[in-house]
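Heads up, the next two complexes both have chain A, just with different partners, chain B and then chain C.
Entry: the complex of A and B
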């Protein structure tokens, strides 16, 4: 058996492949997991396999008319909906479209598949509208839902679907995949894998230059210099950081990772370090600051992230953080 | 395609309905005596049997068998319902057909007599999603339908149903199905489907289902792909950890071994565990320890007999305060919805915090050791690490690390606040006839509290031989040292926000607790009758003694003349000596500018 091109999640792939083989794909599937962890890739493979016309074991074959139509987005028995952009909701009309699509019998395949992405952003009405269809759809119909977290959905939705929980990948899995599949050189792959926090999608985008991975470096660099500065220059830095609201969230994320490393070093646990190349700096901070201080800063950073989501004043926020940071001599 | 197990195993007789004896019995009795109501409302959490019961009612009222045996599941009516082809059973998805027009359609047809059966049964599922107009359109018909019509409404959210609908229906509340019943039913299904299972696996499935039969069967269905269902496979799918892992995490917490604990967490996450699931398991186990510690260990049925002594031993080593704090830390993580870049970070933080946390805030103990209290658990310099790898004392470490940014940790002697106090004639007078060297300590009594937030004040409690107020002194100390923490708990929140402006001044002649405010607005609002009452009630409850409040502006407050002691803020401090101004000059390079 050849493997599906999905990185990690072996048990999930196995389970789905087995379901395809014995022809018992559940009528309702809910795939959950953090962003960029591989939900859509897994779903697409599954759908292709379900619609594929090849008779052998190698489904999806990628050659039959069905596979080709799906790849070009023209398959009549597949229908996908998602929220229009990252801020909008999934509307009830979109769910009704799905239901309408599922009422008619299949055109050419034995089954019809609907893929609903970003289901955590469905309105209450939209989620409820799906309930009955999700529980007892027509015999040929399959529904696949993608969401970041089952806790954000109606419990009645979750209980009607078989749930597949994708968890962040271990960093060695990402490293291996980057080297083997995307041909990334070993050093970079290792660093990206540590930075990715289990999100293969992010690591791949960063390796292929679609995502500015340097942003994290810049953020850590800024933090490292801020630690040596006096207040006036820190405030100037804060002003510059706050002006760029788009990257601020990521900057805070990078700082969290950095201070987590400090905490790990202070507790004598070096295995899970992310910013390995700054080991010396981390070490000296770890010695200069006590553990309670590290905890405090981590808590403050965490707070700030919540505050940013709640539309806090970015500059005040960063300035307050700057006041909290210890000074290294 | 094969039907999902939970559909194939939908109960077809009342005997198969699990865990809802109170409902089944009532319904059976009604059927036997032919006291059938015209409208039923079935409410309860997901997967407890509402839709199933609705269909059973439809079968039973129309069944051709003798009264006692209904539904018989053999007659043509029962067969038709089972196959979903009985014309007189109308099942409506109210969540998709929410509008008043859908209901009007329905009402038009209500008048027609049943085609085949005795009763026409309308099952309106997910009824909470109907619009208000739709509900109202239903009212008249629901109250007095034609004699051949029965309505069965089913919903998970009964609080969204209007009162007028509720009062027209017989209401049945479905309960979550107990663990044992779930396990038994799963066993029956697994045997019938020819799936080999471990008993522990079934229990794990049942536990994860939290009382919902559909969740449980759905999970069983999902897992039944392979040859047999093992406990390890279930854990892999649920992201749950083995009991040993949770236990070693707890052991590390008990011993305050940070390195070991973080190691356990990271190994578990790398092995595919779900951080929140692990937090939930840890919180559960800690709750168990708490129960053992409080002598109610037998109510915690989770651990096996081999594990029990291990848990007992752990419980002995942890005092209840620590346990409560730890349960709180971990359950916060379990309830968290935002996942960050490093998914395990919240869990790691929770662990370190829980491991370091000293005894929780307890006002009663405060007077014995005011300095060891921690007003806010996350503030630096308060969480003293009992076994930190860092060898520095917390004051030295913090002092060395942040000479510029955390002024609270300066030695007491050169603090501008103490200088200010020394210049105040009243303070010196008080200091002269009392224990002189207790004063500097007391002024800096809580290095934990940055002076920017709490006004340094003379402390009445430090004056020995103070008979009248001795009883209160502990309370005042505690209140002062922990003010910000106390304020956080005050409800409603906006009142707490007002109180943040205040600090504790001491006790006046009448025994009132004096609150000193910086701003008139805050002072007036708190002093209002209703607000003051709330604060007094809260404080009285916290300290276990009657507390009366007096709100004054900080600059107006003078300590009682009869017993002179520290004032809060002498009215005229030269501007250069003000803490804020001084820091602005020193650290931000500000230059004073005179307006006159």
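Entry: the complex of A and C
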């Protein structure tokens, strides 16, 4: 039996494939999990399987007219909405469009499927607008919701949908998939898998050059240099970093992993290091500062991440961080 | 595919089928119009997933084939061509449709026809026949009352009940109800009802206007699409799934006051009153006294106006307020010389009938009179 091209999440795939086989896909499905963990890939496979018209073989077949239409975005019985970009909300009009789509009878398939991504970004009004449809969907209608965390949704939504929780993948799963499916060279695959933190989507984008994977290296490099600089140079650096607000979050994330590695070394745990190639630098920092200092910086970084989300002044924030950093001789 | 046809025919055909092309869509294929050879004719089809329109035009077909091309560009070009013979040739390997018409040459990059949503073929045996004029009249008098509020999808449709030898159309938006029975030529074997999106019926209304030939109505099994088959055109619409409210319950059984009045006179009076009603939520008052009816609107800001009309009044006098837009809608849609207004009290719904035409009934909710 062939497998769905979904990395990991084997139990979820099995459960959904079984549902397809017996023809009992729930009317409302809520797939939750961290960003880039594979929610959409899983949902797309499920939708293709539901609409596929192949008989007596594994669905989706990828060859029938239905599968081809879905692949080119032209399937009349599928409708997908998502927030327009990562900062906007899912609007009530978009939910109304979904409702309108589901109220009309299917065009050529026995069922109709709507996929709503980023549902945690739905406004309260939008979420409430969906309740009625979730409660009493037409017999042919299927709703698939994607969200990062069920806790961010209205409990009334969560209780009306069958939930599938996707967990971050183990790094060996990501490494294996990168090598087998995307033909990534083994060394790079191992490193990306460690950096990905269980998010296959991120690893794939980094491997195929869509994600500025080097951004993390640039960030770590900047941190390493800053540790050796005096205050005026650090402030100049802070100004440069703060100017590029788009990558600042990524930079902070990279710094957080870096200091986490320092802490791991200080506590004698070498196995789970992310920045393996910086082992020497990590070691020397680990010796130069004490654990309390490392914990303090981690707390500061954590706080800064929250502050960035709350629209803090980026330059002041990075400058404050620079003041906290120890100076290596 | 290789064929030729007349520019006028193609242009006219596209203006009919092109009505179904959505203005914005997430599915690229919907922005295209399907061109296919079909029994020595050229079949044009467009759909917005809610309704699809297929239209056939006469053509000289040399080789068979099918393709979809970007609708807007194709239609715009077609309308700009001189009235001459148009030749279309499809290069199957590149999916490019080349066109020549007199000195004009053009080519369109298409999308394969297999990507186009399936449009059901009408079954010539199934369905019921209705006179085009009767259907068009029914649509004119009912469709306008459907809701445009997407939060109640069911009310954005028109209920079509098939029973005995008639089709009853009903539309309601929470403030008014329009209901009309249309005779069918055939007998309906098993009664059923469907909810058709009002937007599709508005399109049908446009196509059937002035049409002489009868229209054949059928539904696909199990009632998930409705097809209206005309001589060169088939309009097909998805249906709205849901339970339509029991609208007959809101039709008042009796009335205390009945006013019979000239339709054109009261329509003009309402249009006049609407001028002053603009900034008072479109409220006009109808005051009924013995032998007369006064239509008045009063805006404290812009002024006031009233028209006194002679009417035949049975029952007691009364003052009631309505949204004048609703009155204008229904009076304009009717075609009888006289209408009847049946009222109970200022807070109960009013009934509007066409005098001499029992198959139509309209119910409209009153407005609060405010007070002076």
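The criterion applied here is as follows: the second predicted complex is superposed on the first by the 328 of 329 C-alpha atoms of A that agree within 3 Å, B and C clash if a C-alpha of one lies under 4 Å from a C-alpha of the other, contacts with A are read in each partner's own complex, and residues count from 1 in each chain.
Keep in mind that, in the parts below, contacts are C-beta pairs under 8 Å (C-beta built on N, C-alpha and C of every residue); 3 or more make two chains touch, one makes a residue touch a chain.
Computed from a prediction, not measured in an experiment: that's the story for all the values here.
Touching more residues of chain A than its counterpart among chain B and chain C is B. In the overlay built on the shared chain, the residue A:129 is in contact with chain B and with chain C. In the superposition on chain A, contact of A:96 is made with both chain B and chain C. Using the contact criterion defined above for the overlaid structures, shared-chain residue A:263 touches chain B, although it does not reach chain C.
In the superposition on chain A, contact is made by A:107 with chain C only, not with chain B. Look at A:323: by the touch rule set out above, it reaches chain B but stays clear of chain C.
When the two structures are aligned on the shared chain, A:40 is found in touch with neither chain B nor chain C.
When the two complexes are overlaid on their common chain A, residue A:74 makes contact with chain C while staying clear of chain B.
Overlap of the chain B and chain C contact sets on chain A: residues 96, 99, 129, 139-140. Residues 65, 68-69, 72-76, 79-80, 96, 99-101, 103-108, 129, 138-141 of chain A are the ones touching chain C in the complex. Residues 1-2, 4, 7, 45-47, 51, 93, 95-96, 98, 125-126, 129, 156, 212, 214-215, 218-219, 221-222, 225-226, 236-239, 258-259, 262-263, 266, 269-274, 337-343, 345-346, 348-349, 352-353, 356, 378-385, 388-390, 392, 394, 397-398, 400-406, 587-589 of chain B touch chain A in their complex. Note for the complex: chain C touches chain A at residues 26-30, 47, 49-50, 111, 114-118, 150-151, 153-154, 197, 224-225, 238-242. Listed in rising order, the residues of chain A touching chain B in the complex are 11, 15, 18-19, 22-28, 34, 96, 99, 111, 125, 128-133, 135-136, 139-140, 148-149, 151-152, 155-156, 158-163, 165, 167-168, 170-171, 197-198, 230-232, 235, 253, 256-257, 260, 263-264, 266-269, 271-272, 274, 287-293, 295-296, 298-299, 302, 305-306, 309, 323-328.
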